[in-house]
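What follows are several structures.
Shared chain: chain A. Partners: chain B in the first complex, chain C in the second.
Entry: the complex of A and B
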């Protein structure tokens, strides 16, 4: 068929897209990587220079802020010996039987990271760095290749023996402790070169704590929605809906006449929701729950900014009114204006936006794929509601949970820009500035394209690691459950 | 279910209450947009406006002077137009170029095809933030800063769209275009007459995802536009908020105007929604 259809056709079809891809995707990626190693600036007076790793050193590096005490060499030797013992014991245990490799490996890798960073932070001792690197590599290797204890126990038909990987891992942890003790004085003599970067990194991760809440919420809503409401024939459904509408109308009219129109509207709307539910079943709820996700954007953030308004926002007005009614003088929190409440405020908004969104739809789809006969069999075996959920439904949902988590983490790491720009200006005191907003600040306050690019590449590195790690653990989860 | 007896009534009530809680901010937004200047400043707990007024909308659209007798110093109507113009432009261009590229990747055999496609896939992992910075510099070079072209062009080509439609087109049986070929159709005819009609659900899904993304886009328009006349709604809302943020009733009216097109789109596309957004979930 290639003979009759000459290849030049390819160019016609691919060219428009490929040119755009080249100019607006590939070229920028290359350019961005290059910028990260230069002092590229929007200020015309700054001459372009290749600065090597300087941007990254400024971002991640550590500087000395006070005289650092000397550490007795004995501590290093002790730490090294314990570390080595742990390493040997760990490897030996794993050669004997492959249990506990995953946990051990994780601990190992973590210790490796601590060791390397600790020794890089203090007077760099090449031996320690080497030991840490070995630990890191071994840990990562067994983490990626090893089986999780559950599976190993099942395969080998015996109980999980925690001794296998864990005891040596504990030894390694002891070594880390030694390191930490010795270096406390040294650590306090040093500070990160770019403290804002670490603060904003912390903010980004902190704001991501809303993610599990919203995922669990989505799961709960999906479980609620996964069973149709057994409302009988079409006639009965419509009859029920009409009754609910009538109830709503009566509530509204009575309240209105009684001088409480607000309560009337609230009550009437609740009746209306029930009526819709009876008429269209769970579809109507799914639609309503989905609305915040579909309409999300700058406009809704400005809406929430008004909701959080300390004086005129409905939350604080309601708190004050409730206080009045009870005889207290209550004032609501200064939501977006205080360092204590700014992050929770953004998280609440985030949960509201995401809870009935795409994650819920994904869970709904996954729930409809749980085989009914599995559930029936479990019920016959006497499994209660919770047992059926825990041992039948939840394992079946594992791939979905994994996918949602990965996507949320990737989104969360890049997120927070719009909230910061629209709602808080990153404040108060930088408490809602995330890494993506930091990139923006570097761009338009400092006009430092090179530094901004370096931040964005570090962000990419985090995202990349999150993807890989979650992918591995996610796979394990599927097998394990 | 019958075993649960009347338990479903409790579930209906629970679902209704949750639905109400989720809808509450929207309710407050709508009623707030009909309140008067004085009433908002009072900070009362009342949900419904005491003296309902529809003036906030004409004030916002510059048809009427505000409470102080001045016309607002902004161009909300223009921003509305810009948002639609930009979003539609991006959607049409992106769906078209992606579909053509997807055709080349799924229907034509050529050397290096899979390698080029892998390159497309690999770039999907890179966060938009990375390319945003150099794209700004590229816009400076091309002289497209502060223009509609600069808004639309970078979003008109997407690796994600190409990937999505390629997957879709792979599921269309090749025997159909074989038949068309025997009838003497060329690639162009096969593309328009055979593949495109069959890929319609995929095209619509990509169209919705793209339109939504463009309508919401904020970072890119924010950094590359300086003139208010080119602002889309998202950036316009920001200047509205910074100039008139204390007039909550205007903010609410503006938010309603922002959200209404989305709700219309939402109801119109219900059918494609679940599938389309699940596909969109891959993009994250």
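Entry: the complex of A and C
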């Protein structure tokens, strides 16, 4: 028997899986990559042609809309070099744990605040505001990523270099300023060729702002639900549950007879939840919070569409009722129908769906894996609840947080299709169209398969880069928080 | 530095499991006391109650002159070392040591001084910048001990700190802990299931079983005068041999009749257990109180036990003999090594009758030959 090389039979067992991958995954991927370089269209009158990079030029290119001023190329090169130096130095400063980033960062952030407020107070000069904002952002970044002094204290020689870590941030700020001054005129003379693509990219990223909220929410829920509630002995729990069920029935009946069946149902459900909580403790709440995840997504969206209804949705009805009661004439926002509220509406729904979902389960699992000894040691060491969370639990959760963040960012970049399709048709005015819905529109509305493929591949590139950046820089930063 | 006092301390877990039952114990200032017993005997629970990590169901715990039953662990002025080190994995050794101090808002310079002092005591200065995962087991345990001493608490609590180390390292760390205690003179309560560790470390040892203290005393005191059969069997390796038999009066002496042999008890013992004459009893004989030779303290004609030899384990200077009689299949004797001895043949074991114990029958029968055994 040759141990090093597997027998042919081994390959035989692998073959079905491999064939499936070949036919259903690799082939379509290859085909779509090819399509991205063609003008493939579902219109019968368009003949298939290889068009090279034309789709990508249309997607990412810029066009001139006015006469552009002449700028010496040296300025661009200088700004580029400074920017690069700043970025490299910034990463380096963090990797090398340079001391003093906090002090320097504070100074820079203060400079930024002063600049912004001064320029806003006198003449709203855009340049100054922008410079101030950049200084503010760089300052905050170097402050947050700066290591605390006791790491510095243990280093040999007790080196303390105030603000050393800020120099790279300063470089980035300077370069950005130069680029902005030189480039403003050039910028305004040009426009992207496919403005919708960039608008939808912005929409996608905007909708992703709900992700940190939902991750924090999941963590909060997991913390709440990780320990059993003190509900007393079995007999008392069951008795309490029975009383709660009775209370629910009575509430429902009274409200129904009193002509308020809706409130009756809501009240009855609250009593039912209390009963379940008493009977099954945290398990019942975990299940309830997980419900949205094993409900069909489209059904939830139809439900939320009804909730957001301007006239009959419970939110606006409640707002109007509250207004009546207080003596105001209040009208709720036009949730899904206005450009101002459409995106927040979708974000609220997204957070609601994700908060008790798989992320909560992952956090619950991670919390149960935190060694009790570590918590005990911290307690003896003098850590209160918050210190134990910050110094023991949170670092132990870092891998989970990292994983959840990566998966959420990937999901966020890909997401938004169902909401747009079911709830808003991407509107109003394209404000809820995301990149994935744009792919769909290009394909099924404009029948432009080639262009849709090109968008998909650009989207893939974004996700790929975001994930690589996450892996490279996300891990180290998490642990130190 | 402080005295730790436990008065009628009781712990009842959910479902009416009594883990610790009315435990009385005084750990004097600067004393090193070891709680020892088989797993589940309540020793760790006791320690955790002193630390404040478990609530005390009943009884009073005092540290110094303060009743600490309602005091949070961080305010009890104690430091604890855990079995699996419990180092904060994401912090460097320096931060691990400094953590408790910085939570107490100690000035930075003071923290630095104390951390470096603790590190030099334990010889871990070169490791200060490392993360725990880059350390060996022994180094981790040193850091864990360092984390305790850096706080300069009134009392140290150790929860089986050496049981995760390999045998060689365990012996080394044991000696080091003893040196450390000599140097710092901090009141220490130490929990272990290893009787050897208990004997070597403790100024006094507390033997526990089923949540009840069996005996408290100096290591040799407990070893030489165990109050009952459990304590006698728990301390010492190989463990004490127990022979069930009967006390009988023959002529002017009191004899213990094993079945295949009978031994005449010494005059002192005969006096102590005289009133048990004619009743069932258990004779306890330590392996080293037996010999193949019939010379010196083993001399005499009324102390021979005919046995069949089983396995012979040469240890160097000594050797362990596993032997059996008709009624007692498992007898261990530690005798002077003799070449050419092999198992499977008959021999006569001589017993040093001045060092045997007579116990009342039963698993926990009291030691009748020790004056306060019945207390």
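One rule holds for everything that comes next: the second predicted complex is superposed on the first by the 323 of 481 C-alpha atoms of A that agree within 3 Å, B and C clash if a C-alpha of one lies under 4 Å from a C-alpha of the other, contacts with A are read in each partner's own complex, and residues count from 1 in each chain.
Heads up, the rule we're going with is that a residue touches a chain if its C-beta (ideal position, glycine included) is under 8 Å from a C-beta of that chain, and two chains touch if they have at least 3 such contacts.
Since the structure is predicted, the reported quantities are computational estimates derived from the model, not experimental observations.
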After lining up the shared chain so the two structures overlap, which partner does A:381 touch, if you call chain B first and chain C second: first, second, both or neither?
second
Under the stated touch criterion, which partner chain does A:274 make contact with: chain B (first), chain C (second), both, or neither?
first
Which holds for A:347: it touches chain B only (first), chain C only (second), both, or neither?
neither
Between chain B (first) and chain C (second), which, if any, makes contact with A:371: first, second, both or neither?
second
Is A:439 touching anything from chain B or chain C once the two structures are fitted on A? First, second, both or neither.
first
Report, in rising order, the residues of chain A that make contact with chain B in one complex and with chain C in the other.
none
Complex contacts: residues of chain B adjacent to chain A:
1-2, 8, 11-20, 22-23, 25-29, 32, 40-41, 43-48, 96-98, 100-101, 103-105, 108-110, 116, 119-120, 123, 125-138, 153-154, 156-157, 159, 162, 178, 181, 186-188, 191, 212, 215-216, 218-219, 222-223, 233-235, 237-238, 241, 245, 248, 251-252, 254-255, 258-259, 262-263, 266, 270, 273-274, 277-278, 280-281, 284
What residues of chain A sit close enough to touch chain B in their complex?
1-2, 4-5, 7, 9-10, 12-14, 16-21, 23-29, 31-32, 35, 40, 221, 224-225, 227, 229-231, 261-262, 265-266, 269-270, 273-274, 277-278, 282, 285, 287-292, 294-300, 302-307, 309, 311-312, 314, 317-318, 321, 352, 355-356, 358, 361-362, 365, 403, 407, 410-411, 414, 417-418, 421-422, 436, 439-440, 443-444, 449, 452-453, 456-457, 459-460, 463-464, 467
Would you pull the chain C residues touching chain A in the complex into a rising list?
48, 51-53, 72-74, 78-80, 82-84, 86-92, 94-95, 98-100, 102-104, 108, 111-112, 128-129, 147, 151
Residues on chain A engaged by chain C in the complex (per definition of touch):
149-151, 153-155, 371, 373-374, 376-384, 387, 391-392, 395-396, 398, 479-480
